[in-house]
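Two complexes are shown next, each including subunit A; its partner changes from subunit B in the first to subunit C in the second.
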Partner chain A sequence: MAGALLRSALRLKPRLRPAGAERRRYSQRSEGLERAVAAFRSVSGDEGVSLGEAVREQHGRDESVHRCRPPDVVVFPRCVEEVSALAKICHEHQLPIIPFGTGTGLEGGVGALKGGVCFSLRNMDQVLDLHQEDFDVTVEPGVTRKALNSYLRDTGLWFPVDPGADASLCGMASTSASGTNAVRYGTMRENVLNLEVVLADGTIIHTAGRGRRPRKTSAGYNLTNLFVGSEGTLGILTKATLRLYGIPESMVSAVCSFPSVQAAVDSTVQVLQAGVPIARIEFLDDVMIGACNSFNSLSYPVTPTLFLEFHGSSKSLEEQVSITEEITRDNGGSDFAWAEDEETRAKLWKARHDAWYASLALRPGCKAYSTDVCVPLSRLPQIIVETKEDLIRNNLTGPIAGHVGDGNFHCIMVLDPNDPDEVQRVHEFTERLARRALAMDGTCTGEHGVGLGKRALLREELGPMAMEVMQGLKATLDPKNLMNPGKVL
Partner chain B sequence: MAARVLVGVKRVIDYAVKIRVKPDNTGVVTDGVKHSMNPFCEIAVEEAVRLKEKKLVKEVVAVSCGPQQVQETIRTALAMGADRGIHVEVSGKDYDTLGPLQVSKILAALAKKEEASLVILGKQGTFASEVTIDGDKIKVIREIDGGLETIKINMPAVVTADLRLNTPRYATLPNIMKAKKKKIASVKPGELGVDLTSRLEVLRVEEPAQRQAGVKVETVEDLVGKLKEAGRI
Partner chain C sequence: MAGALLRSALRLKPRLRPAGAERRRYSQRSEGLERAVAAFRSVSGDEGVSLGEAVREQHGRDESVHRCRPPDVVVFPRCVEEVSALAKICHEHQLPIIPFGTGTGLEGGVGALKGGVCFSLRNMDQVLDLHQEDFDVTVEPGVTRKALNSYLRDTGLWFPVDPGADASLCGMASTSASGTNAVRYGTMRENVLNLEVVLADGTIIHTAGRGRRPRKTSAGYNLTNLFVGSEGTLGILTKATLRLYGIPESMVSAVCSFPSVQAAVDSTVQVLQAGVPIARIEFLDDVMIGACNSFNSLSYPVTPTLFLEFHGSSKSLEEQVSITEEITRDNGGSDFAWAEDEETRAKLWKARHDAWYASLALRPGCKAYSTDVCVPLSRLPQIIVETKEDLIRNNLTGPIAGHVGDGNFHCIMVLDPNDPDEVQRVHEFTERLARRALAMDGTCTGEHGVGLGKRALLREELGPMAMEVMQGLKATLDPKNLMNPGKVL
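What follows is the complex of A and B.
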């Protein structure tokens, strides 16, 4: 019940539905569904179709606070031909289609709001077509980023986009995921060269043409990036061709404390302006550092802190670290510590890695929800300062961790789901934060996606004209609105 | 510091691959399946390279036994920092029946020929979790049931690597390119005086029994009934 308060507070008002149209309840079987299930079985076999309650519930939730919305049935296709055949059946029977990768999303993207069919793509788990000299590889949706990097470990190549979780790469493409080293290697938008997509009616397309993988192209509309970030609302991604990078020769990690948020962000801007190809630059505010100190028995000064990582050859690292150290000193930075060997680096970064758990440990028994706004770099000090004032004024626990090189930061809201007042205050806070970011020329979601909870904010962010264009595209590609209904738009 | 280290590297099916038994039950499917260096051999190579970086040994030699493809595995060891490689050519039926006995004879013969002071291998045996060289002796800390045991041994010695010995480095592109220039010598088992005939014959290979689905029962009486049916009580 308490969870319901939290969930309802964070969920936006549902659109008005015609009176009497009941939302489909799970385990309700209609004749149409029975016929569809029989057809699914003829395509994927008995093992490829599941009506089991536990399986459906597992496929109706992700890592967000949104409650479980299980589908009516889960199918497990083994190849793109099966995906296409299953989609055709769904199209015929007007059944919603919800693609599912690893269920590690943070915005409720996999909830089956109107029931329907969850397409679990975990059995399509092959790494296809690695081209080492061309720095590209094609993967199926069941391949996660850690699995790919493990596969590549002998080749000297890696796929650097690192959102934290061991997510499906096609899932990452679908949410336009990013990560701590986007400042150097980019997000999914910059690193997907081609996609194989199954549309709502079963049509299979290759967004850049079958098998094509030039490093750049100006051929036609950029369909690939239309699907990147579409969160399963335009089609099912069944193959992704990804851009690879050389594994860095060496890495150096560093930590530095600052007297103020402004000093930390100024240093970040100057490091980027100096042309240092910094790989990771993470900001932790004083509350977060305090939490990390308690959690890991560390003793960092309780003040805004930057965690940095540099990639390159030994010579280049020396130069990068020396320039950065000078900049931080000029901005009042202190306690600059750095390390090259793996064990010490891991120790230095442990604080940043454990940020989520350290936050939870601040208030045992509570849950955590991460906000995700992104603003131009120059506005970052202002938005963080205003956000911290908001947190204090409203008596909320929200330690801050941010990918400061991108202007993206997360408040890890720690709250008691059984306290309706706090739940409401957190909800209102996150809305104010999103609007604060929009007012500063930013976005309401830097990397987690729109999913279920930010659709109204998306409208505010884009304005009515752009929204109309998006809705037009959706209507063209999915006229029956079967692809992940109720998300994004 | 005349120490030369020999490291055994084995080309095996990649640990992330789902192993399948051949339809005729004579073995596992290897055609078209991804192969890579045995993860424990990676740890062994890493340890050897670290000893060289600490200037405790002079040269690291990577050895592998098998058909032409094992040269890829040797190249990976070279990219991680080994100085040169030795490919012991074993193929066809001989490779299918190559077992620990023959490989140990080969490695022993090579260790003698190359005058190696230390042979580091991926584990099956006593497990080292820390290795240091002290003059002409090796100090090894190994994990045993009760905790850690520190022993000092003379060289030449054989050490096997445990999971916790180190975290192997990745082969980076520049090092992979440099490795292409390092030498891999080929040698036949016969030249080492090793007889490859196997004393073992594989009769049949089967998958482990599939896990059966559980059954839910409503009452204790049902549970007892089912257990009796299954002959368990």
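What follows is the complex of A and C.
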């Protein structure tokens, strides 16, 4: 449950050693672990295996408020064969396997709930096969989004999926990440062509066949999209083949203020209906705009606001901007300002990308937790209005920023971890918000994943039968429940 | 194997009754079948159950050359509860279940290889929930592509995926269909938001939770895309929630002739690289253009040709066309002609859509089989040139048409079913073509599916480990192997 974990999240001590009746089992496991560590060292060398407390703690948490759950050991494989050999050892000794990219997740996905072995993939950081004419590239799991785009700098191509953080691309595949420009370029689901995966028993598979990269296929079950979004619970992603896009000739950004949430969302729907191929359309509520103004010394009107971005040729941009400006004006939007130059655009998007820190700055010393519901577009005004009323009624700080073109928005909950009453109120609020989204045909998570905190909500969302199917798939691929146990299901 | 089935396909007799040692087993099954039919009638009434030979034969074949394999009985359920009740009866009596949409498939997917019960879904033909502002709609499995677009006529919305045939939308989901405008709007994989599925034991699940329709989600495993492309082997699709798009303000079509395959494909890559949001970009080789000229009394130059379509505002279309014209000219393209008026556009696309019949008209009395490989864009010139040489060397008729923006093309093989030597040469040719695609990082099927004919090729394409995972998934969801047995795996 989001809240139960939120509560536990705020205790920051590492996992305690078991006591009483569990001691003997622990001691058996401890011996198994020792033998496994020796075997890991024979595969990866001393430098590829770490038992150090600092290293373990660093790998026991992500950027969420979920508390640190360090693994027993961290391994640093350098190639898929090594990942496979290490996984076989874990399989033999029944040790949990937790894949680790950059630790920038937001749902506690890397916590070692049952101890075990963290597979840090940071040493596998090569861009392997770039096919410019085919608009595809294959990367190792340690390659981050920014590293890939920096590699692509002189090719005229880019990988657009942008969750904000400089996450590893295989980590992004794991959580089915998306972000600000999914409305134009899709999410990881639409942009992964093939995956190399090491299963719990060390078997290496290629979801679309080794080295294959057709842009479309009807060849058998869609294994690629079974692993995208599986949050490390079905296998370790060791290679991803991704779709690339031509860098647009020009980009224009714009900002526009609205009298109401409804007016901002109506504009969004109409822009999409008009076929404007908008690249980003981000909503910020009055509280978030206020926070951004303070944090970045800006002076946007403190009212519901859209930040927009257009990609295309200069000529098509003119038209896109002019249609959008007309639509926003018809909906009572004002102060429509657009910018073509890099500097003004960068300033505008910095304000949006700093939303997390701007929110935290509202209450220094506090921590933040981001909700992640997604609903059909037409339900956005109602859910945002109700959610804002809920925040006020419960005296909570939760500025709102959202990928409104997809119906996905975040309340960045700023809370004092030492105030149990507030922690409880945030817990109850996030559950109410998720249920509000479910009642509007939506989902409790648009892009962050289920991780630790949303397992009970997932069950409500999908119903017992679909959950049973998912459990069946998990049991088929990982019968010993070694892959990232305690997550998703 | 494509060829083995191709050979068997041309025997057109219905399935023979078993003889000898199998007779007793057959007689036991026959009794089970009789009891099942009585139970079907109690669920669906007499009019909902057919044992008539004509009806069974009509449901035992699709539009491919695979020979008719009629089911033992055809049922016509009217709602999901009925589908579930009928499936439970099949499950109890261990009878195969074969879902049937419109029978427009091209890989023999509806043949009842082991007899059993065909579930014709034609009576479930309602458009259920249209949400205009949310760009989504939910349809029953009997709703066809054209029926949906006709329903949407006055809404300003449309469903663009267009495989040519007026297939049912759930049938299209089953084979992961796409077609001419996938380059702009994606395939069924990208356009199905949720599915209602009846599993082999009659369990009803909703892949994204009942009634849910967020545009994106990270909530658990992607069950939706596990069933998309599963060709009826994992469950019966009884409802699909689909993404819709705004009808573009304007459409322009164009046609352009090239001195070589390479020049046509180079133009395609450059158009995509330039970020032109092209809606259709179809390649026809010289033989196909010749066939189209004869069939439709046209006079296009008999040389590699691109048919193109642009969607957008009038202003953006001007730019798209002008960029494309420049690119084609730089690649030696000539006779670039574009048309905005409905009539000229319709004439142009009629020529493309008649490709199948134009090919058949090359050799009256013959039958046709379409190959369906898909390779990375840059490999297209080589594979097309080698394939054309192969056709000539083996004295075969196989005009080529392709969705070149996706790297997917079809050889429409026209053959005399009574010439065993030619049948054998076509068999060997299609296998060589598929292996040529596999050697170029491609797939044996871009959009038609595996069905009966490509099972051995699928194994070559994916490798034994990925196949084992697929078999594991199948065994989990359908442990008795009742769902469309003998297909895909």
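The definition used in the following text is that the second predicted complex is superposed on the first by the 460 of 489 C-alpha atoms of A that agree within 3 Å, B and C clash if a C-alpha of one lies under 4 Å from a C-alpha of the other, contacts with A are read in each partner's own complex, and residues count from 1 in each chain.
The rule we apply is simple: a residue touches a chain if its C-beta (ideal position, glycine included) is under 8 Å from a C-beta of that chain, and two chains touch if they have at least 3 such contacts.
Note that the structure is predicted; figures quoted are calculated from it, not measured.
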{"item": "First, second, both or neither for A:376, with subunit B first and subunit C second", "value": "second"}
{"item": "Partner chain(s) touched by A:356 [first = subunit B, second = subunit C, both, neither]", "value": "neither"}
{"item": "First, second, both or neither for A:477, with subunit B first and subunit C second", "value": "second"}
{"item": "Which of subunit B and subunit C A:443 touches, first, second, both or neither", "value": "second"}
{"item": "Touched partner set for A:336, first subunit B, second subunit C, both or neither", "value": "neither"}
{"item": "When both partners are placed on the shared chain, which of subunit B and subunit C touches more of subunit A", "value": "C"}
{"item": "Which superposed partner A:249 touches (first subunit B, second subunit C, both, neither)", "value": "both"}
{"item": "First (subunit B), second (subunit C), both or neither touched by A:153", "value": "first"}
{"item": "Which superposed partner A:133 touches (first subunit B, second subunit C, both, neither)", "value": "second"}
{"item": "Shared subunit A surface residues [contacts with subunit B and with subunit C]", "value": "156, 246, 248-249, 313"}
{"item": "Complex contacts: residues of subunit A adjacent to subunit B", "value": "147, 150-151, 153-158, 246-249, 313, 342"}
{"item": "For the subunit B and subunit A complex, residues of the former touching the latter", "value": "14, 16, 34, 36-37, 72, 76, 79, 167, 170-176"}
{"item": "Complex contact set, residues of subunit C against subunit A", "value": "131, 133-136, 156, 175-178, 182, 186-187, 189-190, 199, 203-223, 225-226, 228-230, 234, 245-246, 248-249, 269, 272-275, 277, 311-313, 315-316, 319, 323, 372, 374-379, 406-408, 438, 441-450, 454, 458, 461-463, 465-467, 469-470, 472-477, 488-489"}
